[in-house]
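One structure, pasted below without further comment.
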Amino acid sequence: MARLIEYGEAPPEVRAVYEDIMATRGTDDVNNFWKALAVHPPTLARLWENVKQVMAPGALDPLTKELVYIAVSVTNNCEYCIQSHGAAARAKGMDDAMLAELLAVVGLANETNRLANGYRIPVDERFKGA
Amino acid sequence: MARLIEYGEAPPEVRAVYEDIMATRGTDDVNNFWKALAVHPPTLARLWENVKQVMAPGALDPLTKELVYIAVSVTNNCEYCIQSHGAAARAKGMDDAMLAELLAVVGLANETNRLANGYRIPVDERFKGA
Amino acid sequence: MARLIEYGEAPPEVRAVYEDIMATRGTDDVNNFWKALAVHPPTLARLWENVKQVMAPGALDPLTKELVYIAVSVTNNCEYCIQSHGAAARAKGMDDAMLAELLAVVGLANETNRLANGYRIPVDERFKGA
Amino acid sequence: MARLIEYGEAPPEVRAVYEDIMATRGTDDVNNFWKALAVHPPTLARLWENVKQVMAPGALDPLTKELVYIAVSVTNNCEYCIQSHGAAARAKGMDDAMLAELLAVVGLANETNRLANGYRIPVDERFKGA
Amino acid sequence: MARLIEYGEAPPEVRAVYEDIMATRGTDDVNNFWKALAVHPPTLARLWENVKQVMAPGALDPLTKELVYIAVSVTNNCEYCIQSHGAAARAKGMDDAMLAELLAVVGLANETNRLANGYRIPVDERFKGA
Amino acid sequence: MARLIEYGEAPPEVRAVYEDIMATRGTDDVNNFWKALAVHPPTLARLWENVKQVMAPGALDPLTKELVYIAVSVTNNCEYCIQSHGAAARAKGMDDAMLAELLAVVGLANETNRLANGYRIPVDERFKGA
């Protein structure tokens, strides 16, 4: 099980990342993912920069990004990520019906992915380059 | 490679599904996925009923559902599904910036899924039940 | 792309494995999988011993084992394995209807795997230890 | 963790599906998978129709279908599905030796899938179209 | 959950494998992986021969092989294998910094795998045949 | 298929990344991966920073990192990544015997991952926390 680095025992470069996470999210604690990555400060700083850039509002809104995150995490069976991004999506407005439809799409895509690969279906010309 | 059943050679129960697909989508042909499933008519009819129900507008809009479909298909590396749902998403409004952000989230989620599992990070109490 | 070692250029320990494969299967050539593994003779010999032991008739009959092999290969999207074990299953009696039902089960299992993981459904007490 | 809908609190359309499951299977309760899907009645009804159709006896017998289900679930690491379909396979006649051979094939297929992909082995002409 | 076969209750062919494992590793017990496989002695003997051959020092040193084993196990999310090969790697010299860099590479590779597949990037001519 | 952005048509922020890649690697061109990511300059810059940091010599040497990259890419079946990191590993000293042993470990780990998950083997107390 991961060793979790708490703020009180963290070196300055870790504290700086924790503070940026808390300020960006308006929270007074960081979740276990960051406390586990903090065993290797360059990885902590790198991942936080990635998350901040990728999950920021842009051409896709933040809730859509959380739904996509859950879709990948369910496909890969990462329990930590399903629960943490499930909570993040709830905070951004996901309700029970949206979660149910999301999981329905994820399940169906996992099914048809195997039918397409199992039958080795050739890609239609009109889809190429989309 | 899949054997593709064309409309002209299809039995009545297959033609009925093809006609419903074309009417629902406003197209004059069905794509290869359906032509391949038609080798087994009960599977063709079953999958089409699933797709019609799951991908219909509901708590999530159709474009969001296509983005989720692409996210799963990229994670599983199903080329047919990436291209067919890529085309469907384009038709529903996905532009280059949206695709780039989508793939960025998919890539990042695949990365953090492994960090969370590799470090075996315990789920924060406040995330449980989300 | 793999370098394929043909019988004529193979060292004695590779020829011995090729001969055992051909004798066991009643064929006069070995397929590309073995020709590729032959770049590393200990791996060739090891894998052939594994395949011979695992795929032999036993508590499960050889056709059932081929169907399971295809199910795994479709789930992982290994085109070589889908096609080579597809041909092996055909030779052992798999017809179109059996293939269609096999892929239907594979697709459905991939779907429900994600629903079970996505909803984090607790295992029923009566299933434990099965 | 999933919220489980018990019969007593279920709306009529959920009760109807539960009753069909119990009648079809000759049991007096439904397992947690269905109780979890019942949070979204259209998904419950849809999945049950799929399972009923796909897992019915046909070109493949019900035990073979359960073995294939386990093979996929082990490859994807879905604990719920491994245990629930493990119990179903036991009820249909799977004994310890059959389970051991099944897992041996699943393990070997997962190994050779990576060797075939890692060496990028070209598909033999005689396997194509199988 | 697996039934574990202890030395005291094991038949002779299982004891012989256990003794070879303990002698090879210089330990006075075997770990649960072997005790679980022992329910099917031919699988136990086969897997042990595989592990002994594949993990022996050769063109790659034993620690590098353990790191590769962890990389695969994290990608597939096999908790047993992450922990058992994590312990083996520690015994062969892996320290915290090496583990952190290993997981960083594993995470990044999982990310770029999806970017390469998602964009369907053509392989550069100069990489082919590497 | 990905649209590839060549240096001559690239905007200044893309050219700056290309120049850093070429300077860091001592080459006079960048490979297709970067040309494809360049459709979205922030993703290009972000990924390059990640690769530069993660793949730099550290507690693990660069060749070991390439071997781990290949192991993940083979497990996920990313052809582009297998070939590009295969070429990178060759340039850093990987020979045929090392590749063969690498793929043997990758194959075996994929096999034992499923045996451990399929039997749901409990983690030995002495492995926990490793």
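Each chain gets a letter, A, B, C, D, E and F, in the order it is written, and its residues are counted from 1.
Throughout what follows, a contact is a pair of C-beta atoms (placed from the backbone, for glycine too) under 8 Å apart; a residue touches a chain by one contact, two chains touch by 3 or more.
What you see is a predicted model; the values in this text were computed from it and never measured.
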Applying the touch definition from the top, give me the chains sitting in contact with each of chain D and chain F. A, B, C, E
Touching chain A and chain B alike are C, D, E, F
Measuring between Cα centroids, which chain is at the maximum distance from chain C? A
Geometric centre distance via CA averages, chain D-chain A, whole Å: 28
Between chain C and chain D, what is the gap in Å from one C-alpha centre to the other? 20
What parts of chain D, by residue number, touch at least two of the other chains? 1, 46, 50, 54, 75-79, 83, 97, 100-101, 103-104, 106, 108, 110-115, 117, 119-120, 128
Please classify the inter-chain touch graph. Allowed labels: line, ring, star, complete, other. complete
Which bits of chain F are touching chain E when the two form their complex? 1-2, 4, 31-33, 36-37, 47, 50-51, 54-55, 58-60, 64-65, 67-69, 71-73, 75-76, 78-81, 83-87, 89-90, 95, 97-98, 100-102, 104-106, 108-117, 119-124, 126-128, 130
Chain F partner contacts - residues on chain A that touch it in the complex: 1, 42, 46, 49-50, 53-54, 128-129
Quick check on the complex: what are the chain D residues that touch chain F? 70, 74-75, 77, 79, 82-83, 103, 106-108, 110-115, 117-120
Okay, in this complex, where on chain C does chain F touch? 39-40, 43, 46, 76-78
Quick one: which bits of chain A touch chain D in the complex? Just the residue numbers, please. 77, 96-97, 100-101, 103-104
